[in-house]
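To keep things simple, chains are lettered A, B, C, D, E and F as they appear, and every chain counts its residues starting from 1.
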Amino acid sequence: MNVLAVGAHPDDVEILCAGTLIRYRRAGHSVGICVLTNGDLGAPDGDKATIAAVREREARRSAEVIGARLFLLGEPDGFLFDSPSTRIAFAEVLREFRPDVLFAPDPNDYHPDHRAASAIALNSLVLAASPLQRTGSPAIDALPAVYHMDTLALVGAAPQRWVDISDALGTKLDMLAAHRSQNDWLRCTDGVDYLDYATKQARLRGLQCGTAAAEAFRAPEFFPIHRAGSTLPGLDDQPGLDHQGD
Amino acid sequence: MNVLAVGAHPDDVEILCAGTLIRYRRAGHSVGICVLTNGDLGAPDGDKATIAAVREREARRSAEVIGARLFLLGEPDGFLFDSPSTRIAFAEVLREFRPDVLFAPDPNDYHPDHRAASAIALNSLVLAASPLQRTGSPAIDALPAVYHMDTLALVGAAPQRWVDISDALGTKLDMLAAHRSQNDWLRCTDGVDYLDYATKQARLRGLQCGTAAAEAFRAPEFFPIHRAGSTLPGLDDQPGLDHQGD
Amino acid sequence: MNVLAVGAHPDDVEILCAGTLIRYRRAGHSVGICVLTNGDLGAPDGDKATIAAVREREARRSAEVIGARLFLLGEPDGFLFDSPSTRIAFAEVLREFRPDVLFAPDPNDYHPDHRAASAIALNSLVLAASPLQRTGSPAIDALPAVYHMDTLALVGAAPQRWVDISDALGTKLDMLAAHRSQNDWLRCTDGVDYLDYATKQARLRGLQCGTAAAEAFRAPEFFPIHRAGSTLPGLDDQPGLDHQGD
Amino acid sequence: MNVLAVGAHPDDVEILCAGTLIRYRRAGHSVGICVLTNGDLGAPDGDKATIAAVREREARRSAEVIGARLFLLGEPDGFLFDSPSTRIAFAEVLREFRPDVLFAPDPNDYHPDHRAASAIALNSLVLAASPLQRTGSPAIDALPAVYHMDTLALVGAAPQRWVDISDALGTKLDMLAAHRSQNDWLRCTDGVDYLDYATKQARLRGLQCGTAAAEAFRAPEFFPIHRAGSTLPGLDDQPGLDHQGD
Amino acid sequence: MNVLAVGAHPDDVEILCAGTLIRYRRAGHSVGICVLTNGDLGAPDGDKATIAAVREREARRSAEVIGARLFLLGEPDGFLFDSPSTRIAFAEVLREFRPDVLFAPDPNDYHPDHRAASAIALNSLVLAASPLQRTGSPAIDALPAVYHMDTLALVGAAPQRWVDISDALGTKLDMLAAHRSQNDWLRCTDGVDYLDYATKQARLRGLQCGTAAAEAFRAPEFFPIHRAGSTLPGLDDQPGLDHQGD
Amino acid sequence: MNVLAVGAHPDDVEILCAGTLIRYRRAGHSVGICVLTNGDLGAPDGDKATIAAVREREARRSAEVIGARLFLLGEPDGFLFDSPSTRIAFAEVLREFRPDVLFAPDPNDYHPDHRAASAIALNSLVLAASPLQRTGSPAIDALPAVYHMDTLALVGAAPQRWVDISDALGTKLDMLAAHRSQNDWLRCTDGVDYLDYATKQARLRGLQCGTAAAEAFRAPEFFPIHRAGSTLPGLDDQPGLDHQGD
């Protein structure tokens, strides 16, 4: 299977979804990470182009930890909007990578770019599946199963699925550590250590489901619902990943 | 695995959950059906004891279709309450049958007995798991995974899991047909045919997830959440069925 | 048509529903008011039996203002519960009065007796419609259309229907004034004037829908939903008041 | 009365609202249908301009079935946004047709164009009522009563009004059949028959309210609420359609 | 402390928040009012530029009543959108005024400009706090505490905080009276008197919390939550107003 | 002020509320803890009376840590119900201790006894305030401000108030450690360490509001709302703790 996670900034996907991506990789699946902005506001000072370059390097280093394919769409940090051009750009990513499973930010997460990323991800699906919408690659034949990631610090989230990442937490922290510039900044301005932060969130999600660490997700309430089959314990249908939206 | 479904009246479980129970049976699991009341208001006229006897026969016939074990608790129809005695009675069923998966009515379903059945099912779990609560059988070692069934006619329901019952719909209708007295009564007073009703609901749930027929469920939002693991496509953990509540 | 409103204490129905009952009376319909408790905690001092007698007189005086039939069930104030006996008592009221429309308290109103009254009202319907549940009167043939009244001071309410009571507000205040003991008590302990209170609430509900005064309601989300037909402007079906629950 | 339904694509209005429009026509009211996009992604292959032309013809044929006035705004399929130009264009439709009742898509329906159509419909009302916003026609004097249509396959919908379309279902299917290109496409790619689909949804909404077929709606929660009056059975006020927003 | 309230049109802030601003002024704090549009649709006839000029004068007069600093951003009435330019403009206001507390419209209020103002207010915070986003003023060091105002006529609102404005209601009405053109218009077209309207709403919010008049608010559910400390009676921590978003 | 926290079992209050109680004590207020059941199911084996005695000793030891007054009502563990007798018993506690602030469990917490405790706490208020309901103590003159505690592991909770317990966490763990029998049992059956559990939850609530540790609360949505005044930063009204419900 192909598994794609999309975030607004370099490191967004890692914070809320890396453990699950690691598990998919270990299970032999292909993993992609798509970052919609260049993250060029992500520093206390300096030059925007330099920041963007630093963050791109960090994103590559993180993706390499699990051999994930990286898509960088380069929108301006702080100004991500659901627009024709961002929809088309992400639709082309969907067509190139052809995910079976797609992880997108929570539509109510705290940062406006995160909420825009959530909208772009969902609103591009129908374009990616429409043959008459021409991009560089052919239309996808089927919509991926879509899940929203958790919110930062669990504020307002209402997950329905928990993934045990007890054995993946160390590697998740390695991926986060690759985003060194962000951790330096947060430690300096907020006194927050990134890795400690992500660990606390994973531990709490683990408390909820009885594991040492977990990540949490929920499916958006949109037609068509792709999850008939294997979703109850012991019933082993293949998920119905063959339905085309319109 | 042991799979138990609990309803207030004979036929409640069949209407909303039979297709899923059939699938569990076909997958080789043990299935139990627990009926909390005797259904003795379920007729336009006649004698209550006679009605109860008719409905018990129908319940047995229906359970036999899939070789399900039947538990009849005999509470008075229309007066089911979450009380010490109903909790203890159902806790003993949980201890005897020791389910891994438990299906209970939606807490907001339309009939007061259904709502009471939902409460009894959930409120008995902790008693069944408490060794110092003595009943005929030893305490259960782990809580089952719990799911709420759909509501009648989908009114107010918000499911999260869909089970494809396309191949089980015929057998589901056979089970419903066993409750002949109820179908006769509904046809007479409401002009409603039971089997037609259940078919329409299954077809619509099928529309939602792209199958010919489906049943829908959701998990209650209670600690501990047992579903870490196999809940995302392609991640094949065993569900964590080993946690003791209290 | 027969229109029944049920409340926990003498004056509950008047506060939130009197304007609508007045309009029904003026349109030529029969109106009933059912009070589930005797209201015997409703005084700062004195004897409970005396208080109950005072409140009964006040309830009768209020009902006489619009010629409503009064049902007093006499449960103890502060201790109203949804139980077999309260269900059976209210089911008999339903069978005697045979309402086409039933108004019940909001299930989340602030007073525990109000919430119990809401539950009793809804949970008795199925008993009233079951021929084998014997009471003094024959089973009802059809369920009434049910609406929840507003909450006190609009706290937490989410109404869907607004009734213009601009021309009925004066009479509503007359009915409230009949409950003189309550107004005396509230003025003394809380500095609140009853009639002023109800006026402010009616004025605000009026603001919402563009009238001088209004009362607000919502329908519970239960199967079967009886409102096909006349619910959109200009479509004049008769409401489907002929469906029997089960 | 004038009754207007607005959708994103040719056929959207028919799927969720045609039965109700048919009933309005039969009751002697004027009906309008406004389609915001040209639907030019609605085919597996071919030329966008050709597709758009085919769909326009189909939309006309469908509208002719009930003698509805058709407004085609020609936005690009898949890229409908709530913007100054789409608001102004729809405000002019509101001013030309001057609806008393307006049906708009659910704000959470599954297709991004549907959600945009819902936003455009609501956000244009205030412009249409503002005299200083100049378009070809004079400002409307009053806001229409607004209702959201159902969602596709009922996913996530929470309707409050049900309209009996038992006698209109045949004509509804005729209107849907006029959109032949879409049915051909869906049958081919998804194995779904349009007419069968709409029938199942109407049957299920009928189950909920005790009719053979129904369509379902809900009112948005916005000030001012126009529905004082005739909204309870037997109270026959005219709906308050005379309030101007701002 | 610096306290900033933002609204879409001149008078929006006054209707829902003036009493609270008055109380802040009386407690010695600085108050700012930011109006995002020029309100140039706010008249039944005349010239847009003239209307805008009238409304600016009225806004100044109202602000002068309490010595509030006024920010006028001049977006076109009826067409307020969350866009790069409106975000940057409001971010600069945040940097100039440097509020400790920010009041923004409810995200679901009835007017599209109000909903856009709510989005702009929240989506600009992160820009205002990002040093690399250059505007005329330096980045803010900490995010303000944010509260949503009430909705008009309480439709759909779910407040969590009530502010007693019994002693400020007179001054609030003075501020509203400064917006004479709007009151004239509303009285003419809707028969609504502004001051009466605001009084009824304040009286009802007062009923809810036991005061003669009140305004109501709620905090958005976004990370980071700044309100540790003084939020329970008798615990007198200073609110944690020192956290920087990212 | 007098601050009362009520829980179903010995240790319930400590897990979710101890840090806040410690802060109240340090601020010089009186603190009470009311435990509704005897907790006699709280062991893997042994004699119920012995278990109850052990837990009473542990509860006393914990309360002594902060000099809290302890009320033990002795209902049977696993069978707590909202009934006349439990309401009267808790109303007498309210009258004896006369709290200004009352903490009760979340109405949707995971354990049926917790949900019952939540109901009993709220449903007793009106009795406690009714002079004609005779118990050993005179009626309370005013209702306390009421807050719901957090849920276990944050499942389903939606808090509105956060209390910084960074400096109180150590003492909270001391109180929890007093309940040694429970920690022994949980470590044995679930491999869970109590103190570690509570620490993780406090750390996560701290993440949300930018402190090292926190506890979270929300107010029930009931009339009358007592919180006018001091609820916004910098507005220093005394909370309106003088309103009598009924």
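Things to note:
FYI, a residue touches a chain if its C-beta (ideal position, glycine included) is under 8 Å from a C-beta of that chain, and two chains touch if they have at least 3 such contacts.
The shown structure was predicted, so the numbers you read here are calculated from the model rather than taken from an experiment.
Should one ask which of C-D and B-C has more C-beta pairs in contact, the pair is C-D. Superposing the C-alpha atoms of chain A onto those of chain E requires a rotation of 120 degrees, given to the nearest 5.
Each chain gets a centre from the mean of its Cα atoms; the one farthest from the centre of chain A is C.
In terms of their C-alpha centroids, the spacing between chain E and chain F amounts to 37 Å. For the pair chain B and chain D, the distance between mean C-alpha positions equals 39 Å. For chain D, the set of residues that touch two or more other chains comprises 153, 155-156, 158, 190, 208, 210, 223-225, 243. Chain pairs that touch one another are A-B, A-D, A-E, A-F, B-C, B-D, B-F, C-D, C-E, C-F, D-E, E-F.
By the touch criterion given at the top, residues 83-84, 87, 122-123, 126-127, 130-133, 221-225, 243-246 of chain C touch chain B in their complex.
Per the touch definition, chain D reaches chain A in the complex via residues 40-46, 48, 51, 77-79, 81, 108, 110-113, 151-153, 155-156, 185-186, 189-190. The touching residues of chain F, when paired with chain E in their complex, are 1, 3, 20, 23-24, 27, 29, 100-101, 145, 147, 160-164, 208-211, 214, 217, 219, 221, 223-237, 239-243. For chain F in complex with chain A, the touching residues are 153-156, 158, 190, 197, 200-201, 203-204, 207-208, 210.
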